[in-house]
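Worksheet: one structure, shown below.
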Amino acid sequence: MRKRVYTILEPSAWRGKGLSPVNKVICLLILVSVVASIVETEPEVLKGREDLFSILEYSLTGIFAIEYCLRIWIAIEKPEYTGSIMGRIRYALSFFAIIDLLTILAVVLTVFGTAPLLLRLFRLGRILRLARLGRFSSALNTLQRVLSTRAPDLLISVGLAVTIHIIASTLLYFVEGRIQPETFGSIPRAMWWGVVTLTTVGYGDAYPITVLGKILGSVTAVVGIGVIALPTGILAAAFSDAMDEERKKSSGDEN
Amino acid sequence: MRKRVYTILEPSAWRGKGLSPVNKVICLLILVSVVASIVETEPEVLKGREDLFSILEYSLTGIFAIEYCLRIWIAIEKPEYTGSIMGRIRYALSFFAIIDLLTILAVVLTVFGTAPLLLRLFRLGRILRLARLGRFSSALNTLQRVLSTRAPDLLISVGLAVTIHIIASTLLYFVEGRIQPETFGSIPRAMWWGVVTLTTVGYGDAYPITVLGKILGSVTAVVGIGVIALPTGILAAAFSDAMDEERKKSSGDEN
Amino acid sequence: MRKRVYTILEPSAWRGKGLSPVNKVICLLILVSVVASIVETEPEVLKGREDLFSILEYSLTGIFAIEYCLRIWIAIEKPEYTGSIMGRIRYALSFFAIIDLLTILAVVLTVFGTAPLLLRLFRLGRILRLARLGRFSSALNTLQRVLSTRAPDLLISVGLAVTIHIIASTLLYFVEGRIQPETFGSIPRAMWWGVVTLTTVGYGDAYPITVLGKILGSVTAVVGIGVIALPTGILAAAFSDAMDEERKKSSGDEN
Amino acid sequence: MRKRVYTILEPSAWRGKGLSPVNKVICLLILVSVVASIVETEPEVLKGREDLFSILEYSLTGIFAIEYCLRIWIAIEKPEYTGSIMGRIRYALSFFAIIDLLTILAVVLTVFGTAPLLLRLFRLGRILRLARLGRFSSALNTLQRVLSTRAPDLLISVGLAVTIHIIASTLLYFVEGRIQPETFGSIPRAMWWGVVTLTTVGYGDAYPITVLGKILGSVTAVVGIGVIALPTGILAAAFSDAMDEERKKSSGDEN
């Protein structure tokens, strides 16, 4: 019996392609729960529907609580969690089990504490459910592996970007600090301009107005987009290659 | 006779390079029709030229109607649509045939209905003619194949982008929700800021003003552009490779 | 004598590495001339220095005129322009010779015509000198070859981008046309928003304000940046590969 | 004794993986010093904490002075700086030794000169410490090598970008110069718009308002982003490949 529940609930134990039907439903319920948590923060949507959202929230939390208990129960089927009590405790302390528990507690505790700050934290907890979906994706491992292999490249390019960011912000603080004290009056203030420019977001709340400031700003923008694009390009290429290899390996396994 | 019309109208049946002269003219007429539909929405252009645009529209629709009938007539030349009546019905239910019919009906029906909403829908129908050009491009198939092969990579990176989008919007809702209720007063509202920032569009209608908000916004922008660029990089590399292979294959065929 | 001038002035005839000293000076003078033409449009810079700029302009044009005559004189040394008169005429009608002549005439004609519009056109002519630098770059040929090889890929991705641009602009015209008539009141007007959003420039002079408009705008921005990035990625990869091959070939020649 | 200090202080002489513990501490102190120099420019942070920042600054400078002396002392252990006096002088004139000295002097000299402009320069000197971190990174060499190998590609694409920038700015100066004299009244002024558009930053302080200006601006944005992305794509691909080779080489060394 426990073995059967295990093959249904544990993604890596399922023999079919993709996820088991039960896990598909759980994924869907997580998405419904996250969307509900997002949408109910909008007063125009919530007004007059407070009860509806409460019922939905409590029902979903009930289902997730049952799921949590089942996962604790079947944990010992996994080779790494042997030992009827110690194995389950060790499972309960694993990353996804803690996330599961936190997101359930975030709802349960709203019954006791109603301070606005607490309620806000609890809401954050509910949106954390999104992280639970990570359990069902094997490609996230690929991304994680790529990130660790490419860590030195990424670190260098991020370090370079930070250096250029600091230099650009310092220069504009010197050039425009007195003319626009609100925006460039200190290096930390100029750094907001730096981020907005280097990422090419360009909100328009901070930009140089003197000739020298515009020249320095132009150089920053041109040099900066190259440097900012470095880690992005490296990551995209590495991730694409790793997924390719994965595909080749899995198609090799099938033959 | 039908065979000859078939080789002229069906892009895949044409033996010369590229498109047959008739299909080139049809492509041109489609473009003229779409441009006319776009331009006539501008009152300054339309004023005093209403008749001109009407005549153009009706003439083009007439030609497209004849083209549609011819395509129905020659459909049974294709191996997949055999059977003089059933084949033609099956062709008439294919994607491009339905598009053809809809764009003709959109003009014909303006004679009967003149409610503003209907007229607007009909105009949308005319612009839909752009999709008819898809029939003449073989490279679209390559793109479609690339999209389906790379679907898991793209899904993961889109999923990651959505997750970061939700987290960033939630954090800014907590930090700036009370200070800028119009912009960050609810998570859905903050999500507009999130999209504008992660895509680096940065209109400037929504941006953080507190120190903590700016720090979170900076992290969002930097992490986000990397994640948003992932699917783009993957797609560009895969599409470029696929077109390369296509070229090699076709040059191999010629030898 | 003519042979010697030929080896000095014709980039492809020079045996040393890079450009001959004379051509280096010419490149420099072209840059000086372009910078002067740009800078003198700024009243604050021009004021009181009108004569200085005039003298500089006339001297440089004099030098360029001598250079032009010399190039006409040596043209027949090139194998493709044989025939003492016909060869030179054929050279004079080549792309770079016409550019050379136009940029000289643009200055000479200012003596005769002084209508403001003419003067503006003449200034444009002077800035056209930038194109003269193309003569000295062999890598531009590589880029041109890459562009022609990759033309189908680029065309498809540009076509896709145009289609998405039109669809997005049409949708926003329908959704926000009545609320913001200045910005979305016709499809051509909405297309300015479309370009600014799809290229992620985001000036902030046009953006949706309704909920539906924001949702459609978000989808546009996300889908659009992927599509706009396609041709860029393809071009960068192809140009990088072509330059690599060039290097291998030239290092192979040396061995 | 000198030998032992050498193996500890000289990154390339350390036999363990990464940096020696002493160098790790130095890196940390550099970062602390840079962050302090940045943060103390913000009046709200500095107020009432002037002494704290002074003490921190002087202590860190003391440590860096000791480090500088030690590095001078051990310089002759390096094969390229033999000769007890001449070797040390030659080391003292190397890039990183000069940076080290300048950043120490920048603090020491504040005791003598207190003119605001001098103080600002000294502050810039302190932030220059960031460059000292370059000594500890071997990947910077890789980036430098990539930059020099790919210099022709990068130069071409930068030249192309500059050409498009000048053409776009000139055209908008002609089209909008009279309507928006502040923004497009001269080519240099229009060039600020050009940079902001081609880098897709789009602050929103400068944009075309006429129909012709918008059409030219759209073409600029679309063509421009492709050209601006060229050097970025080339650099990212080349750097990624070079790091890959490095990894293969070093894993080959270990076997």
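Should a chain be cited, it is by its letter among A, B, C and D, assigned in written order, with residues numbered from 1 in that chain.
Following the convention adopted for this analysis, contacts are C-beta pairs under 8 Å (C-beta built on N, C-alpha and C of every residue); 3 or more make two chains touch, one makes a residue touch a chain.
Computed from a prediction, not measured in an experiment: that's the story for all the values here.
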Practice problem: Compute the centre of every chain as the mean of its C-alpha atoms, then state which one is farthest from the centre of chain D. | Solution: B
Quiz item: Through what angle, between 0 and 180°, must chain A be rotated so its C-alpha atoms fit those of chain B, rounded to a multiple of 5?
Solution: 90
Quiz prompt | Chain pair equivalent in interface to B-C, over half of contacts matched, among A-C, B-D or A-B | solution = A-B
Quiz item: Taking each chain's centre as the mean position of its Cα atoms, how many Å separate chain C from chain D?
Solution: 30
Quiz item: At what distance in angstrom does the C-alpha mean of chain C lie from that of chain A?
Solution: 43
Quiz item: Residues of chain A that touch two or more other chains: which are they?
Solution: 191, 200-204, 229, 232-233, 237
Quiz item: Connecting every touching chain pair, does the picture come out as line, ring, star, complete or other?
Solution: complete
Practice problem: Flag every residue of chain B that touches chain C in the complex, lowest number first. | Solution: 34, 37-39, 41-43, 45, 120, 124, 127, 130-131, 133, 137, 139-140, 143, 161, 191-192, 195-196, 199-205, 228-229, 231-233, 235-237, 239-240, 243
Quiz prompt | Footprint of chain B on chain C - complex, ascending | solution = 150, 152-153, 156-157, 159-160, 163, 166-167, 170, 173-174, 185-189, 191, 197, 200-204, 207, 214, 217-218, 221-222, 225-226, 229-230, 232-234, 237-238
Quiz item: Which of the residues in chain A end up touching chain C in this complex?
Solution: 200-204
